[in-house]
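Heads up, there are several structures right after this.
One chain, subunit A, appears in both complexes that follow, with subunit B as partner in the first and subunit C in the second.
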Partner chain A sequence: MARLYHQLGHRFQWSLSSIQTDATGDGTIVGPRYMAPQKVRAIPAALRQSSLFDPQFFLPNSARGKLPEYSFFPEVLSGGFTTEEWGPEMARSCADRCLSFQNAYEFEAVVIPTRFYEGMPSNFISKQEAQFVVPFLQSIEASGTNDRPVFLQLILTDQMLKDESYRSELLNWVTSYPELHGVYLVYYVHNRQKQITDIQFLIGLLSFVGAIKSSGLSIAIGYANTESVLLLCAGADILTVGTYENLRMFNLKSFEEPDESPRRGPTPRIYVPRLMQWIDHQYIGAIGAVVEDLGEYLEDNEHSVRMFEPTYNWHFTKPEPYKHYFVSFARQFRRLNSHGADAIVDAVLEECRRATQGFEELNEAGLVFSPESGGGHLASWMTTLNLWRGGR
Partner chain B sequence: MSPDPQRCWASGRITVVADNTLRVEDILRRFPSPVFLGGGGQKQVYRVDHPEHGAVVVKIGSCRSAQELERIQREVDLLCDLDSPYFPKQFAFERWDSQRFCIVEQCVPGQPLTELLDRIADEAAALGLLRQLICGMSLLWSRRVVHRDLKPANIMIAEDHPRIIDLGIARVLDGTSLTMSHAPFGPCTPNYASPEQLTNRKRDIDHRSDQFILGIDIAQILLGGVHPFDPHGVRQGASIPENIFNGRWCRDTLRQRCASSTYTLLERMLGHHPYQRFRRHEDLAQALSALNEG
Partner chain C sequence: MSSQEPEFRSEKDLASVFSSEACIRQGFRYSGWSSWERDELEGLFGIPDRIAVFWKNDALGRRIVRTFAFEVKRHHWKRALMQAYRYASFADYSFVVLDHAYVHRAVAGLSHFERANIGLLSVRLDGNVLWHLRPKHRKPYSEHMTHLLRAALDVHLFGEDDRRPNSNRASETILRVSFKQIPIVTRPHTIAL
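This part shows the complex of A and B:
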């Protein structure tokens, strides 16, 4: 059975309280970008023991946020990370410190971090091996603490996952390490919309996850949005929810040097399981006007009660929409997850059909949604599942 | 000056002697009644009665390059370290200057599997052989060594258990490669090679390549001696390597010839990509064990 973890980042307290109060998660994925070491330490030990620590080496030469507080972060350790100067000794020292941290905090597994590369570089594997994978494996062996499962992080671009030959190379590589117990996958989709609609990418992703599972490795998938329900079909072991979009759609913005241009806060949205979509909060009244019971339609819970008050100030700094999402998505996730391997694809397809029908009914009643709040992704998702199941 | 036989032949370890004049006859003179078993060109093989070890094989040869000699030396080193009943014991290795060598190893009993492929009719016997081969190979695989040439000719079938011979092109995964980096084929026997060996994708060559070749061997036994990638059986392709390269084999025929559980095991061993095969050799052994229990 798949487990639902919270990807912790900005406003990680909302996640922690949601897990503790609403039981919306089985664990967390902790990242240092937004959490200083003392905040990591403050996570209850029992929760840490069912959590992974992602060292977030995506851009090893850019120590943003709380990353400078971690001595093992490449930029911090080397005093200015460059590939040329990142030799075996430095890499090993980094591995030793990072492993020591992960072991000291008793996370459920050790994560070997890797870095982000654009596109599909031909030397992706050899660079990751030399810079991180081999030093970490050596450190694990030397530390004698290899009773803890070992996960290898992979940050893959949409091009990598769409290209069958590249995907096979990655799979051959990852499955060649007998020391590994699992893969911690993060995917990056260029120019993505809020929901992923690229069928070729989704099929590549499901195939990759399925192949990892068939090899006997576990797979945790970080930074996932609601396409998690598709990944359930491929047998993923750990999927994630997160507060803001940068925890549900991987990108490097918060890891790069800050840009000077003013940033706009996200439009507050509400996740509607019935529609399998995040809907702009301004549609709530319109939906309420055409459905019989708005509360039931939006899967009302204690967090939404306040949201539906006329005086509620919708703003992205308010926790209610996110806590509502955690509760409603966790419920949907667990309901689908309860289907066995043979039945889950049909169950997710049925869920997509039901959501499509929901959008059709709202459209017939006169509601026209922008692409970001509409049901356009559902056709892509159903097509993906049909083709993937057929082995195409 | 001739090397001292006591010094050179007792330890089973490598001895380097500077003597360019030593002839085959000089070497064989140390043993009574040498019997020529075969060879020619670069290497001659004799069976002799060794005063200490009984029947042994003496291989006397010369190498075309220092690299080839290194490879032979590494094979001997490896076998000396293994000390396994599944591999011939090494009693001695001598090399003269940089080109010539002599190996004294256990005379392996039995017949090569090549001669028995169509005579092991029983599926249980084929699986029993596979189990023993995996048991033997696990010693190598756990040392991150890949045989790369587990063809039937390199498997000797004896009454007690099989022996695996010819580790000449074995590869130590962590070691420095002795092979040409840009050769179109990796070192292998093309009819008994995995797709990654045929395309010389060195990074992908590991114990799963051996697993693929063992899959061919066992499938060939179950197919009554017909190679599973044989163009006649597959009815496609011009050659066995071409069919291996394209992942075409006699699936339907094999499915009819064995239990579905055996077919499933072999299908996985013959996965076109390494990631489709058993990830760890322990997983393969476990799957086979479950098959036997079932």
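This part shows the complex of A and C:
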């Protein structure tokens, strides 16, 4: 059975309180970008023991936010990271410190970090090996802590996952390490919309996840949005929810040096499980005017009740839309997750059909959604599942 | 494109000849109403190309206010419809305004406008406005947006304080963003029917 973890980042307290109060998660993925070491320490030990630590080395030369507080972060350790200077000694020192931190805080597994590479570099594997994989495996061996599960982090671009031979190469590489127990996968989709609609990418992703599982490794998937329901079909072991979009759609913006241009806060959206979509909150009044039971659409919970009080001030800094999402998505996730491996694809397809029907009824009643709030992704998702199942 | 109909060179040209006040006065037969219009009012759900406000007092001295929002496009009617539907979150009436040379495409899809209760207008090069669909009055679907707009209008159009129980900081944002240092001009009763 898949487990649902919270990807922690900005406003990580909302996630922690949701897990504790509403039981919306089985664990967390902790990241140092927004959490100082003392905040990591403050996570209850029992929760840490069912959590992974993602060292977030995506841009090793850019120590933003709380990253400077971690001595193992490449930029901090080397006093100015460059690939040329990142030799075996530096890499090993980084691995020793990072491993020691992960062990000290008793996370459920050790994560071997990675950095981000754009496109499909031909030397992807050799670079990962030299910079992180080999030094970390040596460090694990030397520390005598090799009884703990080890996960290898992979950040794969849409190009990598769409290319069958590149995928095979990666699979062969990952499965060549007997020390590994699992993969912690993060995918990056170039120019993505709010929901992923690229069928070729989604099929590549499901195929990759399915192949990892078939090889006997576990797979945790970070920074996932509602496409998690598709990944359930491929047998993912850990999937994630998160507050802001940068925790549900991986990108590097919050790890890069900020530019000078003014930044706008995100539009508050509400997750509507009946429609499998995050909808701009302004549309909720229009939906409420045409459906018999808005509560059925929203899967009402105490957070949604608060949101619909007349004095509620919709703003992206308010926790209720996110806490409502955690509760409603966790319910949907667990309902779908309760189906066995043979039945889950049909269950997810049925959920997508029901959502499509919901959008059709709303369109018929005169609602005109913008693409970001509409149901355009559902046809892609159903096609993906049908083709992927047919090709297995 | 219609082969005979001369077309606007740009959306800006189209917007410049379109008078929402005159159009609404004519289409809704509003006599005795004061009115005000503004381009690109920010801080709401979408940025309407134009917003027009009409008001008058009833027999008991209560102010009646009607708000109209317009999305002006030369030809992309589906995108315009989506935008105009956003404006229905705060406006009593919402319209798509197209170049008359291209309106036949939207007229072919008039059922979409009917279902969404969004008005459809087209403008000829000489400024003549043609009505293809007049929407019914409908309460805006977002209380929050309606409140923001009304609070902003109360302060800047009617000179009333918005410090009332439901007032919030967001309405102040709208005020700052959209009404800053721009003189409000009302045009009362200029058209006799």
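The working rule: the second predicted complex is superposed on the first by the 391 of 392 C-alpha atoms of A that agree within 3 Å, B and C clash if a C-alpha of one lies under 4 Å from a C-alpha of the other, contacts with A are read in each partner's own complex, and residues count from 1 in each chain.
The rule we apply is simple: contacts are C-beta pairs under 8 Å (C-beta built on N, C-alpha and C of every residue); 3 or more make two chains touch, one makes a residue touch a chain.
None of these values were measured; they are calculated from a predicted model.
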item: Combined model on subunit A where subunit B meets subunit C, clash or fit; value: fit
item: Touching partner for A:Pro310 - first (subunit B), second (subunit C), both, neither; value: second
item: Subunit B versus subunit C as contact partner of A:Leu171, first or second or both or neither; value: first
item: Partner chain in contact with A:Ser370 - subunit B first, subunit C second, else both or neither; value: second
item: Which of subunit B and subunit C A:Ala379 touches, first, second, both or neither; value: neither
item: When both partners are placed on the shared chain, which of subunit B and subunit C touches more of subunit A; value: C
item: First (subunit B), second (subunit C), both or neither touched by A:Ile125; value: first
item: Subunit B versus subunit C as contact partner of A:Ala343, first or second or both or neither; value: neither
item: Subunit B versus subunit C as contact partner of A:Ser215, first or second or both or neither; value: first
item: Where subunit B and subunit C come nearest after superposition, their Cα distance in Å; value: 47
item: Overlap of subunit C and subunit B interfaces on subunit A (superposed complexes); value: none
item: Parts of subunit C lying in touch with subunit A, wherever the complex brings them together; value: 45, 81-82, 85-86, 88-89, 112, 115-118, 140-145, 165-166, 168-170
item: Subunit B contact footprint on subunit A (complex, rising order); value: 125, 168-169, 171-176, 178, 211, 214-217
item: Complex interface listing, subunit B residues touching subunit A; value: 196, 203-204, 206, 208, 273-276, 279-280, 283
item: Touch list for subunit A against partner subunit C, complex; value: 280-286, 288-289, 310-315, 363-370
